[in-house]
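Both complexes below contain subunit A, partnered by subunit B and then by subunit C.
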Partner chain A sequence: MEEDFQPEYGPKWSDQRVERLLGALVLGVVALLLALIVVVFVHGWPSFSHNGLAWFGPGGNVEEELAQISQSAETGAGYIYTFHAWPLIWSTILIAGGSVVLGLIAALFISVFLVEFAPSWMRAILTPVVRFLASIPSVIYGLLGVLVLVPFIGNHLISEHQKASVAGIISLTGYSLMAAIVVLTIMIAPLMVSIFTDALNSVKPGWLEGSLALGVNRWRTIWKIGVRAARPAIVAGTVLALARAIGESVMLAMLSGSTAFAPNPIDGLIFIFEPSRPLAPTIVKSSDQLSSPPASATLFAIASFLLFSAAVFSLIGWLTRRSMNKYLAR
Partner chain B sequence: MRIKTLAITAMAVLAFAAPATAGAQTLIGSGSVAAQPVLQALFKAYEKQNKGIHFTYTPDGGNAGIKDVQTGTSQFAGQARTPLPSDAGTTYIKLYLDGLCMDVNPANKIKNISIESLHNIYRGIETNWSQVGGSNLTTTIDPVGRDTNGGTYTFFLQAVLNNELPASNVNALTADGLVVNAVKQDPNAIGYAGLAWQKKGITPVKVNGIACEAKNVSVEPLKYPLSRYIFLVLPTENASPAVQKFATWARSNAEAGEIINKAGGVAAFNKKAKK
Partner chain C sequence: MSDTEYTSGGPQPQSDELPVGTAGPLVDPPPPAPTNAVEGSSTWSLLDRLGLAFCWFLGLLFCAIAAAIVIYLLIKGVQYLKPSMLVTPAASGFSEGESGGFSDAFIGTLILGVMSLSLALPTGVAIAVWLVEYGRPKALARVTEMTVEAIAGIPSVVFALFGTVIFSSTALGFLSRSNEGVVFGRSFFAAASMLSLEALPLIVASTREGLNAIPRHVREASYGVGKTKAATTRRILLPTCRPQIATGAMLGLGRIIGDTAIIVILLGATQNFSPVEGAPWPLDYLRGAGTTLTNFVYEASPTGNLNQPDKAYAAAVVLLLIVLLLNAGTDIIHRRARKAGTWSQ
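For the complex of A and B:
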């Protein structure tokens, strides 16, 4: 370091200050993230180590297992950890997967329409509307679902015959896979649309013009050139939407039905009316048991599973994006 | 320059925030959703009489409220069930009486239901209204209840289910208001909610022949079978004197008794108002 050169507001020093400050901030964020992951995994470890791989498997009634786990802290006869999370995992897969697939299809067509076919006045209205929709708090969607969608499904779509066929095991009241998937799709599709439209808009105009000049029609041009060139962003948007779908808790706690039941596609049409409970709402609903050490370990185990799957999905997204980047002449 | 602006802004923000805290005391509570309507009415009257005292109450469920008191997050909790061994370090104060009403949709003409039938419905043994008797419906029952965060859930478990867990066909919702809403919107539903929640759109049913009305709610002698005390729960050690003062007022003051009755509770200990 030079002792003799220290201008008071020189460009060099202000640059170094900014560099160090921002660097420290980034390091702080990374350290915080690492600490979070470590804490969650350490707290959840007893639940994993007692159950082994059976933790992820089926068997037993999740509700009874959770009750036994939280009560075992008070009996003094040793902690119970037995927990089989499959109904919760299966429900998460169905709800998050279903809504991401539906959302992807819908968002893709909506953004192609917005970018390529919509008249400019419509684009001027719809673009801010979509951005607004993407930022609505999930609890509002939850309320709308409880007041409108759930009663509609319960009173008009589900027949008495269907209800009687599963009576005593589950109630078909409208709190269902269908309600959860429909509302979750409405929640995440705007997020995808806003990312997809940005990507389609930034496709090099020359590529599209070249295709049009060769006499290819607009639909084929946008589908074969535009969408293909935007694929990395489409993957990124889908992964982001999937992460939001997996982590959504308040809305799903309100709409998915609270029973830890694994809906079975073999049941036929009735399957989409069956209630279930994904992983994230389980943490919300059992939060009063956090003071019982084994129950807290179980909830942290669920949390670390959610963290792990979020990490895996962003890794997959990153790998896919990287393999697709060769289509982009950047 | 910019640092100066920042400092001025910070001071301005502090100056705006200051009047809210100066001389005022905020009492933080959480817990029972069932007690919320009555507690809010009591808070409002007490705040009017005692300038400088302010309440915040988070209705996160009675069982969750107890944990808040144990961890020190809350200075007091509302609770709708009797003490359990897990409530160590807390003191229960009986505040007023409440009845847990069994509600059905107005489309259901059932007038009376026995505790035994309720047990069977919530254990998944009786699943059709024709099995219960007295109902005009022949459809599948949709039982609705609270999730484990609710003190109301625990009270129902103790009073109706003999501490057995509800069956998997019981839809467990996160708040009493959602239970009421579910019953309102589903002709086949049955649910439970406190006296204060009895409003248009749901019909309270007699339990063991006794109507869920304020005049029948008492614990000694027991008339209405789902009668209960609503408690104010304080930490056993170092309880806030201001909260204790409020508890005494709410339990004994004649005006507080009227407020409790008007808000849907049943005053148990308050002096009678002079007529």
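For the complex of A and C:
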């Protein structure tokens, strides 16, 4: 009778076998990421190697350069790779940086409000609102920006005098840094709020109570004790939001104006009304030129720059979040 | 020890005023136990009060923005959305009246959602199970965690470009349209596989959270009656954290449906299905190019190639309703899971 006994999961799904199977799958995903990194860098290498460090530098008109690059594949007179990405990088820095700074301020105040001061009815409304704002597809933000915010900025915020003052260089229509930053802030602030509130909620209550018992009021307690204890989470959330802001492509392709122009803060406040062109939207806008080898190399070079910066930021965020656990009650 | 001990500092007890002989308390009753009432802001300095006012302002502002988005889009939806748009494919026409609807985009969104999720869900759950239940060697576990975190941070345009490379290789030509050895590399298969990477980190994180919340003694009880680790995982752990897996799947689905960059680059720039001739039925559509609602909104917006803002609004409303439904579903699952209670440690 012993021989007839077939354990249900015995020989077929033994632990070792399952472990090996799952391990193989995990290795596959890790290998896929490595393949992605290698493929993107290898395909972008011709653009880097032809330009050297000048790739990151200023000089020339990015739009003309891109047009030349994609045309050079058809003429047969050798590929042209000349590309200076600084206006794109500068625009990315301005838009992502601006919206992360605004988003950080808004997210800090909102999460302090949610954790400590909001009455329960307000909390019941605000929590789903934040989650909803985070889940709206970026293309809807883009559409609303194009049809509502951009005309508003173009018609009411930019004066005729301002339009005339730069008429020879660029036309101010409302597609601007400002539109991009405002909408991007609304997109990334909810992400930060959810990380910040988690952290603030898990600050050891004894620390806060100790401060309250010493007579410090609730406002100063939450800022001096709570926010300070949650600092690693705040860094992590900000860095993750920065990675998201750098990678945002579709909404920015619709709102930033897609003009290779580098707005200059020295010109005064008018620079926030000027159009520009960040890195990620450039890939989406030029994706129909992928069949031409030099254009494809240029786009992959942009992608590897994005990949590198986003990966660095999300790893920093991950490391700070890991180290944070010792500060917070579990 | 005398009464003076109690009465020396502070206000004198009122016991003197009690008529002699009545059984009254010798000292005041202790103050009432603290309630949940909290300190108001009336004693704060001006700056602190201004800060609190700013909190209220921002909170109300966010609510107002969300309400404005929903109400504005719903009004536009009532204005422009006709049910016929959901069953009419897009057509070329001069005016918005002639150019049909967006049925292909609507169906494309559903197809891509199902395809990507059926790729991402098993993979994500398997990775989470391996991380929590096995996780040996430790170095590989660390690397896997970093990989998942990196995938979450990589911009979707980068996935899209990577997809164009691997799906244009001749080895994977059977997944898209190919012509005399040149592989087009844009198809539902290509887009779905890259979109599933977008959803993967959310599913892994949510499932891990669920598995970590199950206390050790549950597993040990199962091992104690002779179950293997694999059987325990399949029969006890996974069914227990089903709500978390479902939450992760919903979040991932939201990400899949909302993505545009991968669709624009990897699904072919078209507004209609373009099935591959000669392939058997479902495969001919899945190997061909297509479109989704996000792509339709992008192309129909004033910055896109179609420039039909009214129809873009109509498609955006459909998209928003899908997102709202997903959010509501996540909420319901979450609440039901919380009602079911937590494990006693």
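Criterion: the second predicted complex is superposed on the first by the 288 of 330 C-alpha atoms of A that agree within 3 Å, B and C clash if a C-alpha of one lies under 4 Å from a C-alpha of the other, contacts with A are read in each partner's own complex, and residues count from 1 in each chain.
Convention: a residue touches a chain if its C-beta (ideal position, glycine included) is under 8 Å from a C-beta of that chain, and two chains touch if they have at least 3 such contacts.
None of the values given here were measured: they were computed from a predicted structure.
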Quick one: on subunit A, after the overlay, do subunit B and subunit C clash, or do they fit? Just give me the call.
clash
One more residue to check, A:154. First (subunit B), second (subunit C), both or neither?
first
Does the superposition put A:246 against subunit B (first), subunit C (second), both, or neither?
second
Between subunit B (first) and subunit C (second), which, if any, makes contact with A:275: first, second, both or neither?
first
Is A:15 in contact with subunit B, with subunit C, with both, or with neither (first, second, both, neither)?
second
First (subunit B), second (subunit C), both or neither: which does A:146 touch?
both
Which superposed partner A:101 touches (first subunit B, second subunit C, both, neither)
neither
Which partner does A:288 reach: the first (subunit B), the second (subunit C), both, or neither?
both
With both structures placed on chain A, which of the two partners, subunit B or subunit C, ends up touching more residues of subunit A?
C
For A:136 in the superposed arrangement: first (subunit B), second (subunit C), both or neither?
second
First (subunit B), second (subunit C), both or neither touched by A:254:
both
From the options 2-10, 38-46 or 164-172, pick the one stretch of subunit B whose C-alpha atoms clash with subunit C.
38-46
Show me the subunit A residues, by the header's touch rule, that subunit B contacts in one structure and subunit C contacts in the other.
146-147, 253-254, 258, 284, 287-288, 290
As the complex stands, subunit A meets subunit B at residues 61, 63-64, 67, 74, 146-147, 150-151, 154-155, 160, 163-164, 166-175, 253-254, 257-261, 275, 284-292
Spell out the residues on subunit A that touch subunit C in their complex, using ranges where they run on.
8-10, 13-15, 17-19, 22-23, 25-27, 29-30, 32-33, 35-36, 39-40, 43, 106, 109-110, 112-114, 117-118, 122, 125-126, 128-133, 135-140, 142-144, 146-148, 186, 189, 217-220, 240, 243-244, 246-250, 253-254, 258, 280, 283-284, 287-288, 290, 299-300, 303, 306-307, 310-311, 313-315, 317-318
Listed in rising order, subunit C residues that touch subunit A in their complex are 38-39, 41, 43-44, 48, 51-52, 54-56, 58-59, 62-63, 65-66, 69, 72-73, 123, 126-127, 129-131, 134, 136, 140, 143-162, 164-166, 197, 200, 227-231, 233-234, 254, 257-261, 264-265, 269, 294, 297-298, 301-303, 309, 312-313, 316, 319-320, 323-324, 326-327, 331
Within the complex, subunit A is touched by subunit B residues 61, 63-64, 67, 70-71, 85-86, 124-125, 127-128, 139-144, 147-149, 165, 167-174, 178, 181-182, 185-189
